[in-house]
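Below is one structure, written out as structure tokens; the observations come after it.
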Amino acid sequence: MNKVYSGADQAINDIKDGSTLMLGGFGLCGIPENCIAALVKNGVKHLTCISNNAGVDDFGIGLMLQKKQVRKMISSYVGENAEFERQLLSGELEVELIPQGTLATRCMASGYGLPAIFTPAGVGTEVAEGKEVRIFNGKEYLLELAFDADFAIVKAWKGDTMGNLIFKDTARNFNPLMAMAGKITIAEVEELVQPGELDPNQIHTPGIYVHRIFKGTGYEKRIEQRTIRKKS
Amino acid sequence: MALDKFQIAQRIAKELKDGFYVNLGIGIPTLVANYIPEGMNVELQSENGLLGMGPFPFEGEEDADLINAGKQTITTLPGSVFFDSAMSFGMIRSGKVDLTVLGAMEVSDQGDIANWKIPGKMVKGMGGAMDLVASAKNIIVAMMHTNPKGESKLLPSCTLPLTGKRCVKKIVSDLAVMDVTDEGFKLLERAPGVSVEEIISKTAGKLIVEGEIKEMQF
Amino acid sequence: MALDKFQIAQRIAKELKDGFYVNLGIGIPTLVANYIPEGMNVELQSENGLLGMGPFPFEGEEDADLINAGKQTITTLPGSVFFDSAMSFGMIRSGKVDLTVLGAMEVSDQGDIANWKIPGKMVKGMGGAMDLVASAKNIIVAMMHTNPKGESKLLPSCTLPLTGKRCVKKIVSDLAVMDVTDEGFKLLERAPGVSVEEIISKTAGKLIVEGEIKEMQF
Amino acid sequence: MNKVYSGADQAINDIKDGSTLMLGGFGLCGIPENCIAALVKNGVKHLTCISNNAGVDDFGIGLMLQKKQVRKMISSYVGENAEFERQLLSGELEVELIPQGTLATRCMASGYGLPAIFTPAGVGTEVAEGKEVRIFNGKEYLLELAFDADFAIVKAWKGDTMGNLIFKDTARNFNPLMAMAGKITIAEVEELVQPGELDPNQIHTPGIYVHRIFKGTGYEKRIEQRTIRKKS
């Protein structure tokens, strides 16, 4: 059972038009750059993308938007993207906005075999429209369903050939949650090692959740908001 | 005189207590970190997956893998922890974060808050705001008392789509400090040189004024 | 001749496929690990929080912090992972574990299973069994066809309190291999030297026998 | 805000008769030995203990049973304990049995602010009696409530003075889940270090969940089933 793929082109090769994809990352931090580039090259269309953000005009999922590959975005925040706005206003693109914690927890619920969660986020707002409200201990909660995707595409720091993954710093974000929610999960990693090289106590995503893994190359890791302080 | 944004942040910092875990929203709330009293232990939570956020990095030391919820490059302090987004909102929802500070476009005298969407404008999304306001034990809103047209942002009920209902506990504006009570906004302090009359005239929601209202101390 | 427990385990091992993640219960199921074909990659999950379980340790190398769900000292193989009990049952409930093998006191021809409680006896608890049977995509039961009194353990309906309903997919007993179908037990193979008539006589639940029933191959 | 306590006696000192305690561990693996010893010494009574197991006759929670300190056990498996059986049959002790995955997930739900979960475990069995059954995607699930405890008492491998915890091997088990579910969480650790000494990417339980921490001593780490193989 070989999970190791030669690269992004091979790993995403069977993704078909109309598929639902989860893409890890928060802003441009921890996004699967190699797979996004391969998807843009491959040209697959009518995608539903579940990702906390939609990239910027010329990076991240923004690159897929430029090529009009995305039919629907499911996100918590989609600012910083003029092409996104244009497509949304023209009706080419559909968007569904979900509170960030709800988005994260619905992914995790899928990987934990929990069909639904109750969350207070959105109670009394338009997010609650059409949803079941239930009171526990005097507080209102919305019923939100777990969600999975045809493919979850994540970026890790280190991985082994059995699919075990370790993430770095805040590049972890949605990646381990989406990794658990993919019918097929594809992981690109900065460093690919042999089984036994990662400390079994320190693995964030067990390989049982990961179906394909490859060593990514040429990470640009673009910074969205470069904030610094002066040395005094 | 009305407070500037730095003074608002400075006043909010007086609400911090030793050992607090705090989530600071984007904008004025972020500035609160600059006024944490010396020797007080306050841990900053960033909902993208970090506890123990430090200041911005020195030039050349930025790390693309290390950002806050505003997507800004940051640093960590000793004892910091990284976690995924589900655990991050888990600690928020379970009330482990002691204080949340965020901005608002409008607040109602019932504690409703609107800060994510303006009808007719491109909607960018609520990000983590709905989770934060629905979950936090203690929410302080940092805001200007009026909008650029001079209209009150403290209303009998919000006109914009809500982010959360009956959740705001305290407001620190450029003019005043107010609690949100079952009976409405309760005026606690006024900005130095700002009269109670001015605050009353700029508050459209119900405002309770009892006894002498002292000037804020910094 | 009826199979012994080692042969039952050996026959079950033939159901393994390369790349399978497998949870083996206590008793006969544990023995299946000894018959994983050479070169086949099968990862063993232990529901107390381990993927990649290895054999028992050599004497003197036992580690109290490293046990399996039967509380036995074990070892790990390269590529193993530790996790907490919630994630462990998370991967079980979400169907990531390809095969679960466990013992049973009784199985019904509807696929119900009873293996945790005997009325009138001290109840030790269900442990993880109810989670496993309710969640697994594929459950094989390893059991003796009859109890020590010679009574069938494959019944029209279970007499003991259930562990799970309509969940068993396949049974490997000392006498036979059977699928559990919508119509009842379907006889697939018989133990070497055991007659179809003997299997019929020892199966109280509905048993479907179609065509020639071959002997098991090892 | 000092979380560091001198030892178990001080850390458990304010636990009162009738309290509900969660105790980490699976079998005798990863149990808070120091706190259990201190509870036995302290003599607090009428406790409800939530723990996957009940120890053995002369170790773990078994020691508290000997002193008749436990009124009710909430566990998934309570074998290997003759005194337990005697008290149960005599009516001195009450027991509530919960499927292991349900037990684990109900603790986690508490730490994640999820008031309830849906699980398939126990559907169609006596565990389902009196519980709401709900169908998602054609499959039946039970509604089970999150649970917390007055005190969660856990054992970690390493911890820092801010309460961050790292567990070792299968001694992790229920510990990080219960750590999230305590109104007050007490952690005993084999090694207590200063903030910054633990890798922030590798912490299992963030300190925000931990209220008290101390360095334990004299760990016996008894083995319940010593199984070995011969060197060939």
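For reference, chains read A, B, C and D in written order, and residue numbers begin at 1 within each chain.
Criterion: a residue touches a chain if its C-beta (ideal position, glycine included) is under 8 Å from a C-beta of that chain, and two chains touch if they have at least 3 such contacts.
Given the structure is predicted, the values throughout are model-derived calculations rather than measurements.
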If a chain touches chain B and chain D alike, it appears here | A
Partner chains that chain A and chain B have in common | D
So the chain most remote from chain B by C-alpha centre is C
More C-beta contacts across A-C or across C-D?
-> C-D
Here the gap between chain B and chain C, centre to centre from mean Cα coordinates and rounded to Å, is 56
So, what's the distance in Å between the C-alpha centres of chain C and chain A?
-> 37
Gap in Å, rounded to a whole number, between the CA centres of chain D and chain A | 33
Would you kindly tell me how far, in whole Å, the mean C-alpha position of chain D lies from that of chain C?
-> 28
Which chain B residues sit where two or more other chains touch them?
-> 82-83, 86, 89-90, 92-93, 135
Chain D, residues touching no fewer than two other chains | 105, 112-114, 119-120, 167-169, 172, 200-201
If each chain is a node and each touching pair an edge, is that a line, ring, star, complete or other?
-> other
Could you run through all the chain pairs that touch each other?
-> A-B, A-C, A-D, B-D, C-D
Touching residues on chain D, where the partner in the complex is chain B | 1, 110-114, 160-162, 164, 180, 194-196, 200-201, 203, 206-209
What residues on chain C touch chain A, complex-wise?
-> 18-19, 21, 41, 43, 45, 51-52, 76-83, 86-87, 89-97, 135
Within their complex, state which residues of chain C touch chain D.
-> 46-50, 55-59, 61-68, 70-74, 82-86, 88-90, 92-93, 112, 122-131, 134-135, 161-166
So, in the complex, the side of chain D touching chain C is made of residues 26-30, 52, 75-79, 85, 88-89, 97, 99-105, 107-108, 119-127, 157, 167-177, 204, 221-231
Which bits of chain A are touching chain D when the two form their complex?
-> 105, 112-120, 136-137, 139, 141, 145, 166-169, 172, 200-202
